[in-house]
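Presented sequentially are two complexes of chain A, the first with chain B as partner and the second with chain C.
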Partner chain A sequence: MKLTKTLLASTALTVAATGAVFAQDSKSPVAGMEMANEMTIVSWGGAYQESQLKAYVEPYLEMNPDVKVVWDESSGEGVAGMRAQSEANNVTWDLVDATAADTMRLCDEGLAMEIDHDEVLAPAPDGTPASEDFGDEMLVSDCFIPQIAYSYTFGYRTDVADWNGNAPTKICDVFDLENFPGKRSLEKRPHNNMEWALMCDGVAQEDIYDMLETDEGQQQAFDKLETIRDQTVWWTSGAEAPQLLADKEVVFGSAYNGRLFSLIEEQNQPIAMMWDAQSYDLDGWVIPEGLDEPTLNRVKDFLWFATDTQRLADQAAYISYGPARKSSAALVGKHAVLGIDMAPHMPTNPDNATNSFVQNYTWWADYRDDLDAKFQAWLVN
Partner chain B sequence: MVALTPISRTAPGFYVSVVAAFGAFFGVFIGTGQGNLIAGVIGGAVLMGALAFVMTTIIKNERAARWGITILLALGGYLLAGFPGLVIGTFFGWFFGFMTFWLYEGRYRAKVPPYLTPGQVLWHFSFRTICGAIFVFLITPILVVMPLSFNAEDFFTFTPEMLRFDPAGYSLKHYRDFFTSSDWQNALRNSVQIAPVATLLSVTFGTLAAIGLSQPHVPFRRAIMAILISPMIVPLIISAAGMYFFYSRVGLQGTYIGVVLAHAALGIPFVIITVTATLVGFDRSLTRAAANMGANPVTTFFRVQMPLILPGVISGGLFAFITSFDEVVVVLFVGSAGQKTLPWQMFIGLREQISPTILAVATILVIISICLLTVVELLRRRSERLRGMSPA
Partner chain C sequence: MSDIKNATTADTAPTPDDALRTADVAQKKGPVLAADGKPLKKSLNRALRLQKMRALALIAPLLIFVLVTFIAPIADMLFRSVENEIVSETLPKTTAALARWDAKGDTIPDETIFEALYDDMFFAQESKLHTRLGSRLNYEQTGVSSLFRKSGRRVEDMGEVYQDQFEDFDDFWKTGENWNSIMGSDEWLAEMQAWNANPDDRQPRFVLRKGIEDVLPATTESYERFAEFVQVKDEDNLLKEDPWAIVYSSLYADLTRADTAAISAYNGPAAAQIKAAAVAAAGFETVNLSEAFFDIDKDWGDIDVWRTIKIYSPKFTNGYFLNAIDMQKSIDGPEMRPENERIYGILFWRTMVMSVSITLSCILLGYPVAWILANLPTRSANLLLILVLLPFWTSLLVRTSAWKVMLQQQGVINDTLVWLGLVANDDRLVLINNQTGTIIAMTHILLPFMILPLYSVMQTIQPTYLRAAKSLGATNWTAFWRVYFPQSIPGIGAGSILVFILAIGYYITPEIVGGTSGTFISNRIAYHISSSLNWGLGAALGAILLAAVLLLYYAYDKIVGIDNVKLG
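So, the complex of A and B:
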């Protein structure tokens, strides 16, 4: 077992190394210009940051040994942090990892830099320009440089005696305390929870956002959530959700699919996935407004490399999030350590995506501040 | 201490019912553990009451009875819950054996004054029990963390292996992670670079301020004192946000010096308070005598005043050090990712990746804190001894 692992790991390394050689052939548009040698990258920490480190930061540093990268695990407060830095006129972050909805807000407020995707990002190996390779469904904002598609989905414990051998299969089982009793956990934010609540209250998927714009629709969603409120533990950070499941504090809960993957496959916990009504979201890079010229050049040089076809596919070997480029899909292989096929664990895999729910980021960018306040008020009442 | 009060055996009704009450109390935990609260309470009361009666009236020999109950409960615990049950049962057996004879022989009265009424005796022991309970309440969260830091799994859970005391359930991997991960080592290095310098600044400024403010002729002493102490009283988040905007403007935000200065500001109040307290016992005529002998104020300070107030300075310095070493809010604002300190790294760890490495670090920090506080206490005793305030 040890041996196979080592072999697989070294295979992955070889693949990565070959990739690095290929990348040097395609020079970024800022190559040769003056570049800063230090770069502060803001990300989410945990397994996700680890995948970024392994898939493209370490290879990049190998190619540019005099560059130093400082990590700041502050993406959770990304919007607040960038607002504060711009207000204090003191931008210390050089590249920020943010979700699509956060990016739209940052872009609207002028805190993030608008970019021309075809100019900043490398084309696909076959020459397809970046904007086509990512596609319009990924390039949701002029400030957004997509990396991955992930999803909010549910994990449940497979050893719950009260369920009499049944396993939840539908999103509405979350609201079914009779057949699936026990504590559940949901994210302490309105998004997804409100949609799921309406979906299980008989609202058709295409009407959900129209309903949520009205006070009655919001009330209906809160009323539905109310039915499970005293059985719900609210999580705020991505790491909490799997911890709650592993600790048996909850038997059923929403989490990022990559975190659940690591819980199930890497940590061997008695937990299974329920993909029904998984809610897609996108995550990507944002360049803060107000960087000086050499730093900006360094960031662009890094981005050209870090978002190319091979690098995004490499990332999928460390975490089960789908690469944002179409051309990367074919290159997704096996897990770097476990050696299992990653494709069945991707949110975009057809078996998992039979009933997917596409979150409306644009809508959330407009309504989030308002609904956040109402949601928090509902929680304390 | 000698026995103040003649003691005599008590009536069975008294000691049996008290022991039964304790049995009921511990029965709550056993009962909840086995899934039946009521049965636990009643069973505990009946069992312990009966055992107390049997021990005192049938076995009579104290030594034999106490060994007997210990072995009996240990075996019972082992049958109920395996090895952990054995440990708990042994403890219960020892405790109830002791308790029964302590009450039966009337020993509980031996060390309290003879004139106390039964109510006062009851309060005497209840008070100690309450104090003990508060102590347990305060210390348990810290103690629980320690065994969990040896968890072989990556979650904050007592696994069944750990509860069975199976060596496979324990591992040092989280300590290894701490000592080998570059994130943690960077954080440790930053903390070690920031805290001593911040402490040095706090001690210097704090001592000077305390000496100055203890001079009777300084105007607005109370107002100045209040301002200097304010970082201790103002909510940290307010100071932190204020420092963030101010330091950004003057270009100190995100620099090593900025973090050091911010931590020094937080540490100064501790030094002022401890040094001011020591200065109360400082005899001012000594400085006048030194001046009379021709020493200038600086020499007087270092040769006469400083050695006498040193314990206050050192304990203030230790508090300042711990403040800087444990601080997370201000450094999150004033520092940038390059100055990530240990508490910052722990905060990230908790938020983004709940891993027992945090518990391993916490255990190490608790041990460091215990060492520092022991030093403070030893210094305090030494200074008291020097001043002849307590017997050596």
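So, the complex of A and C:
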């Protein structure tokens, strides 16, 4: 007994001295309870899922060799899937990766479990409670357990002859067909595009959503988008814009910053990032409503580990998305394969975030149906 | 469809019930008897019934399978296009009270309706149903989603004014046990005590004390709902739970109503406390609920919000269908949507037109191929047939993506044309992300569905007919057009139906290569099912599409005749 205590104390000392994870070595609140040994995790597939696998699923499985994780790459259909499962009273997903906007919808529909963040998530190494470490801007919904901040940002080709050696630096260059001719690629939904259009039509950033509530404001945004409509290829899936850029189909494209990173750094394409007016979006976990007790315990045990400071920082070694915890930022290191510093590629890096904005989820939750109908009608007509 | 006609005329093979018909005809001349003396018709019938039962039993597994896995889910899904119970289930009192409100006027509902809304909202938020209703109504009226979310969060505080005052007035009102002793029956209380001592069994369900609902009607209702929620939903011990704020608001309403006779006559448990509270309540600070709701969000003063709730109060609605044809429900009945929101009409029309174009181009391309296939020696025909079938063995997604590489502006086709000098480098053809792209890719993908029926029909056409026509002096064209082509029409018919019906429901290919002008109605259906979660509208669009296909099929049958369709 005495020996263990001494051991514990000395470990604590060394850990504290090296400044490494201390508080988070604590066991999850469900430790010791009955837990299921199989867990179905739903994610996006591709490089993102790989980063989750490497950063926390594999380490977790190493610690818990009895546990089996089943992957389901259905996050793209996550909202519909969760509703269908709940209506059929047959919830087979145990943990779902979803965007913040989707989570709000799931939470509203009563399909996702509301959680107490301080109870389910580990505090920061220095003891700061999870709710503060993530912060209100990350915890946008009671059902949302943030992992990363990503952003919609622009990539452009660096070899466009018509641009006479100029490179775009401002969001409004996207709308400037005179100095920066060529096709653009934008996402085929109103989000971000409406904001960018108004931003480049002289509306101050803080007034954008107020403007978009009015018919005139919406019209103004559509009018601005109209100026580049002929030159725009609309994308619906995240892989499209990078592919269009790589194929020289477009010279400008909005895309997830992680996809652009892999295009530029991993595939060495002549493409560069324009971080101006990047729009943040969040991605995280949701727990479906209606799990049985042992499964829920397993999920909570996993989440405690997978969202702690070190694990979120580890994830950044595989993909250029910013960890959702403030305390993780300092721990972001080098890319696992390329060996380059990841910090400059993070959307949350101060140099990249000089003129960034966060999508207003609550606002979009209200206006999404209405504006989407108008946006699609505008595209069709 | 025409089997009766066929069976009586002798142009098809005999069927088991031919004998029955013969007997039928014979009956006019007096009953024909079988060997055992019973009427022939009767014994034939029995024999046939057995046969039919056996046949039915044989197909039963398939029939049940199709019913359970195909028809039932589709019917269930389509039913959502009219189902609208969520509004009246979540806001039962409000929708009932709104029936009395004149929606065409320009005043918002009065305080009594806000009282109903408070009650409904309170219970809805306890069971977390208010946000679900919020997103449902947000499809019709922008802003309702956050209005409900916000109100749900704050509605709990509204009644606290009364709760605080009752509790400050007398500590008696603070504990759930005192409440139980007033509201619960003696037998139930005894059962609860027994259960409480040994809480392994199921908790005895709350039973109301006799006569209490005459004294405290509103309180009774609130308390019963509270008790049910605690015992059934939360599975908590009712003895240990303190009532919600709304129970206190109800108590206040009961104690301050004009008719005080019931309260003064009351002599049940805690009569003294109730009577004292009744005296004190007269001097309590009150809450104006409409003001409180405006305080949460000024949108509660927006008459359009109330109109939307009223319009969508009924259990069934045609709102989704109206929506699906670019209309909307308004207080004056259905009306067209504003110009800048109309989209489905265009998409339905486009889906039809493009599916027809795809079918036509499949005929144009498929006919010669099928002809060659039918006229080649078997060995080379088989080789060619494999080439036709090859695309079937490749993933649809791969084929579509391949077209992307081919058709894009820096793609294979454009590069070749530029290299040949047919197209200028800075004026490359736009072959993708528009209707052209969709038509090209889908024609390629659906081509086998045209070639195969054509091929099998053409194989049955005797080459001697063509030779005979020519030997009688017909030109090549006349021989083809007058002799060969009419015989191949059943193949065209079968191929066209297959291709057209498949095309009309296509989704992945238009999504990938269609851009904005080449997408179909199914892309919107997919959006509503998987993204906006507006399943009602998705179901309505699907139902219309299904109806359109059936209608076209019916028209096809009338004009061409489905008997003229052959798959071989």
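As a working rule, the second predicted complex is superposed on the first by the 356 of 381 C-alpha atoms of A that agree within 3 Å, B and C clash if a C-alpha of one lies under 4 Å from a C-alpha of the other, contacts with A are read in each partner's own complex, and residues count from 1 in each chain.
Everything below uses one rule, namely that a contact is a pair of C-beta atoms (placed from the backbone, for glycine too) under 8 Å apart; a residue touches a chain by one contact, two chains touch by 3 or more.
Note that the structure is a prediction, hence the values are computed from the model and not measured.
Asks: In the superposed model built on chain A, check whether chain B and chain C fit or clash.
Replies: Once both complexes are aligned on chain A, chain B and chain C clash.
Asks: Please indicate which partner A:D247 is in contact with in the superposed arrangement: first for chain B, second for chain C, both, or neither.
Replies: Both chain B and chain C are touched by A:D247.
Asks: Check the residue A:Q267 against both partner chains and state whether it touches chain B (first), chain C (second), both, or neither.
Replies: Touch status of A:Q267: first partner only.
Asks: Under the stated touch criterion, which partner chain does A:L379 make contact with: chain B (first), chain C (second), both, or neither?
Replies: second
Asks: State whether chain B or chain C is in contact with more residues of chain A in the superposed arrangement.
Replies: C
Asks: Examine A:R368 and indicate which partner it touches, taking first as chain B and second as chain C; both and neither are also allowed.
Replies: In the superposition, A:R368 touches chain C alone.
Asks: For A:N164, decide between first (touching chain B), second (touching chain C), both and neither.
Replies: Neither partner.
Asks: Touching A:V79, do we find chain B (first), chain C (second), both, or neither?
Replies: In the superposition, A:V79 touches chain C alone.
Asks: Which of the two partners, first being chain B and second being chain C, lies in contact with A:T354: first, second, both, or neither?
Replies: So A:T354 meets neither chain B nor chain C here.
Asks: Would you find which stretch of chain B runs into chain C in the superposed arrangement, from 8-16, 26-34 or 152-160?
Replies: None of the options clash except 26-34.
Asks: Output the chain A positions appearing in both contact lists, the one against chain B and the one against chain C.
Replies: Dual-contact residues (chain A): 76, 247-248.
Asks: Using the touch definition up top, name the residues of chain B that touch chain A in the complex.
Replies: Per the touch definition, chain B meets chain A at residues 153-157, 183, 244-245, 248-249, 253-254, 336-338, 340, 348-354.
Asks: Given the complex with chain C, which residues does chain A contribute to the contact?
Replies: Residues of chain A touching chain C: 76-77, 79-80, 83, 105, 107-110, 114, 188, 233-234, 236, 247-249, 362-363, 365-370, 372-374, 376-381.
Asks: Can you list the residues on chain C that touch chain A in the complex?
Replies: Chain C residues touching chain A: 128-129, 131-132, 134-135, 138-139, 142-146, 149, 340-343, 346-347, 408-411, 433, 511, 515-517, 524, 529-535.
Asks: Which part of chain A faces chain B closely enough to touch in the complex?
Replies: Residues of chain A touching chain B: 40, 42, 44-47, 49, 70-74, 76, 84, 87-90, 92, 237-240, 243, 246-248, 267.
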